[in-house]
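Scrolling down, you'll hit the structures one after another.
In the two complexes below, chain A is the common chain; its partner is chain B in one and chain C in the other.
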Partner chain A sequence: MTEISNSRPVRPRPKLRTFLVAAFLIVFTVFSARKVGFSFSTFWEMWSNPLWEKFWPVPWEWIFDRHNVVDPLLETFQIAIISTLIGCSLALPISFAISSLTTPNRPTYFVTKAVMNIVRAIPDLFWAKLLVTAIGIGAFAGSWALSIFSLAVMVKLFSETIDGADPRPLEAARAAGGRHAPSVSTGVFPTVFPAYVAYALYVFELNIRASIVLGLVGAGGIGRVVEAQRQYFRFDRVLGVLLIIFVIVLVIEQVSVALRKRLI
Partner chain B sequence: MLATIPSKPQNKRLRWLLAAILLAGAVWSIMGLEVTLARLLNAPSDAWNILHRMIPPAFGEVHQRGVVEKVFESVYIAWIGTVIGAVVSLPLAFLAAMNVSPRWIRVPIRQIFNVVRAVPELIMAVIFIPITGLGPWAGGLAIGIHSVGTLGKWAYEAIEDSDDGPVEAVESCGGAWISEMRWGVLPQVMPTITSYWLFRFEINVRASAVLGMIGAGGVGSELVSQLQFRNFPEVGAVLIITIAMVLTVDTLSGMVRRRIISGSEPTKDRNQEAVIDLTGIRTR
Partner chain C sequence: MIRFDNVSVTYRGGVKALRGLDLTVEEGEFVVIVGLSGAGKSTLLRALNGLVPATEGSITVNETEVVGASAAKLREIRSKIGMIFQTFNLVHRTTVLNNVLMGRLSAVPAWRSTFGLWPEKDREKAMQSLERVGIVEKAYVRASDLSGGQQQRVGIARALAQDPLIMLADEPVAALDPITSRQVMTDLQRINEDLGITTLVNLHFLDLAREYGKRLIGLREGELVFDGDIADVTDETFQQIYGRSITEEDLLTTETRND
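Coming up: the complex of A and B.
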């Protein structure tokens, strides 16, 4: 019989490695804070900065003038819609090509996957700036940039869903003698299609957010109003536009979440 | 026995309606974008032309201009932003979770998360730059505040998914609310929340690279100035260095996240889990 002890169990001592990791994280944080110029006094300096007064009052009659805000805002939606449509339709075949379940052959899998990873590693606004330089300022370059970026994001999300799809219908189709493309389109596609639509909505939401800021680098949409007024130091107008943007993002997100919940 | 193939159930009218809506949206968008056939046909060759001129990338020149420092500055900005987001959002998330917090405090805090999340980092940086001046601190602050919104939302959802058992155990021993949270909830949710922090760090690295383009510190400013002078070999080098940074951070952080999560509960299909966690989309 073992003796029953009444004392509290001994708490396991933390490992040396835990200490080292914690120390590294703290040192790294302090170091980055210094590099970034963080100090608690900056909060007070920011709070008491007289420039805040230039943000107020918001000139609402200027904001609601059609040419100033409404037209660029419509342009933002147009960029988001067209690049979602292009990105998502191109993503459909590519996703099937780079899913381990449905890939036609290994070389296609590796090459396409590598290209997509590199495309995704370049942030969306870098794409916008590059394409603005290449094909000219405006919404056209912005749509190109977002199409490319949303293609990469969509391929990532959707191909991983296909990876996790039920392989049995595909096996059945292959066992019945189906060639590759028909087997995939009848065996896998129906099971993952709802996810595809849900991701498309998610990508649309991302694109709305991205197309709002595209204008900051000259690629069209509402961002160009923000950029222009910022350069004139009209921060009151900037704030007004920002409030409009804020309401739109909030509404789009709520609608998109509600739709996605209904889909799945 | 029926030898015929069962007919497909389908709602034709709805399908046509959806197709019509998509088509109308596409047409309306294309009309607004001033797309001419000439532009459309020239765009790929213009893009290719620029890509072609980036080769070979001029690593030497950008190195002399201190691009390495700029790249690390992006990482520092992202890290500080993530730390600010994590430190502020964690206590707020406990106050926002449905199972551990009363309604009158939960609802306003959730609204704060929603409001903060709805303002893109770049837009926030546009507000902060006149106040803080150009530089990395504007970027760090913008990323930090935006991260509070997303991290707070993910964290309170993790807390709501936690098991009540440990909380009841602490309660029955006479523990106060704060002890229930510390010993009942926190140990359960910490692995998940830490992996969210790391994931947010990965996103923030991209965001901070972009913030440089409007003068908020980091590698973006280098890209903009090289593009302005049309030094395409230098642009190529900056791009490759940015890609290398983003992929390195993604890989390292992904490795740590995988260890953290598989320590608590091994799942075979981790990619899928991550997608579900992040987008709220369940596919099966």
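Coming up: the complex of A and C.
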């Protein structure tokens, strides 16, 4: 037992490194702003542009016409559902292969990880452009682009959850003489399954939002309507559609958050 | 049936957990292993079923060599060795029955067990194991809803479902209260006597070791420093194994610790 000392320690002095890092960040920010010609006055001038008057009033009769908005919106939902299903199903085995806890062997781990890094390095919008070019304009290309996007997001989130899972039941399964796949499915899968469902809901939420953006490059859905009306300078219609999208995204987000809370 | 021949285990990083261990255990024995934490008790058990690879020497289970065995051979050896753990190592988010079924992993084809398609006779086997430890009524309850003592019984049932010849228990009562500890030790003793399963138990409570063991093995810094009948063991023996005098901390129950 060491004796308990009652003298207070000296307050540590602030480190020189902290000041240097702060100074560097300030200099770098000012330099970057100069380089791109950033100024607050242009930001304010933007708001006085007469363009904004074209946003009002919103033509609600046009918005609530089935062919104009409802059908493309349904297409957006269909794209999001199919992409979530395809992406998340593929992500299940890949996530287990890519987690250090459950990978069957080193080569599988490294090859899968490398492939997934490449897939993730390409942005979803670029995948969409690529696929629109390859298989033509429409919802089919959009579904493919979002499937790849879902896969990438899901693998990233879910494999990290598997990494953090309790390794001890897996040890028990191995001690009982289990093969690799059944040991993982009985020893780890039940632990991470609720997280899997929660992430799938989150990916669906992301897909709804992303399929709006993807419409801009011709990959189907409600985004196509936004893009077409923008080209005709019908900003009143654009605003109406955006408001509808805003409400839908908000509702889906709330439902998804509520469901995920129950799961984890 | 179990033979350690000059076995050493060196972990990555250079820690020597076992040094030149020689040990023979016959069929049906109930062996208690004691020693301070870090003495190599856990490593001894894990070297026996290959969870920790021995770096030197030879370990045989029923004439089958464990050291350097192929993955398939290792699974075959492990299928006959049940193991129970200090922290129970159950899957909390599934039923008791699913946990016990993990003991049937080596007996069921991988394509069935991976997708949870357990054959009826293996489910029956799991149920029987639960009956033997007296908690079959909890079969469809989530493992996380059980008390510590009940969870350890599920751990024992999982090991029993393997139809093991050997049972390894790594500090099975360290996480339990005194009363539950005695119940679990009694379960292990009864299984050893009724089914003739060779049992190796790591313990750090000396009174429990004396109460339930038949043969005592003492480890100190990875070396075997005592091997003998529990009847011949005195406080001096424990002091010799531990290299220090015995304190209340080494006993499960004392006059001052009647909690």
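Just so it is clear, the second predicted complex is superposed on the first by the 243 of 264 C-alpha atoms of A that agree within 3 Å, B and C clash if a C-alpha of one lies under 4 Å from a C-alpha of the other, contacts with A are read in each partner's own complex, and residues count from 1 in each chain.
One rule holds in what follows: a contact is a pair of C-beta atoms (placed from the backbone, for glycine too) under 8 Å apart; a residue touches a chain by one contact, two chains touch by 3 or more.
Everything quoted here is computed from the prediction, not taken from an experiment.
> Determine, under the contact definition given at the top, whether A:R168 touches first (chain B), second (chain C), both, or neither.
second
> Examine A:F193 and indicate which partner it touches, taking first as chain B and second as chain C; both and neither are also allowed.
It touches chain C, and chain B stays clear.
> State whether A:I82 touches chain B only (first), chain C only (second), both chains, or neither.
first
> Looking at the overlay, what does A:F96 touch: chain B (first), chain C (second), both, or neither?
In the superposition, A:F96 touches no partner, neither chain B nor chain C.
> Looking only at chain A, is it chain B or chain C that touches more of its residues?
With both complexes superposed on chain A, more residues of chain A are touched by B.
> Does the superposition put A:A181 against chain B (first), chain C (second), both, or neither?
Only chain C is touched by A:A181; chain B is not.
> Could you tell me which stretches of chain A are touched by chain B in one complex and by chain C in the other?
Shared contact residues on chain A (touching chain B in one complex, chain C in the other): 166, 194.
> Quick check: in the complex, which residue numbers of chain B touch chain A?
Within the complex, chain B touches chain A at residues 22, 25-26, 28-30, 32-35, 39, 42-43, 46-47, 49-50, 72-73, 75-77, 79-80, 83, 114-115, 117-120, 122-123, 126-128, 130-132, 135-137, 139-140, 206-207, 209-210, 213-214, 217, 220, 223-224, 227, 230, 235, 239, 242-243, 246-247, 250, 269, 271-272, 275, 279-284.
> Which residues of chain A touch chain B in their complex?
Residues 28-29, 31-33, 35-38, 42, 46, 49, 51-52, 54-55, 74-75, 77-79, 81-82, 85, 117-118, 121-126, 129-131, 133-136, 138-140, 143-144, 157, 160-161, 163-164, 166, 192, 194-195, 198-199, 202, 209, 212-213, 216-217, 220, 226, 230, 233, 235, 238-239, 242, 245-246, 249-250, 253, 257, 260, 264 of chain A touch chain B in their complex.
> Provide the residue numbers of chain C that touch chain A in the complex, in ascending order.
49, 51, 74-83, 85, 87, 89-94, 98, 101-103, 105-106, 108, 110, 113-116, 155, 158-159, 162
> Help me check something: in the complex, which residues belonging to chain A touch chain C?
So the residues of chain A in touch with chain C come to 166, 168-169, 171-179, 181-183, 185-187, 190-191, 193-194.
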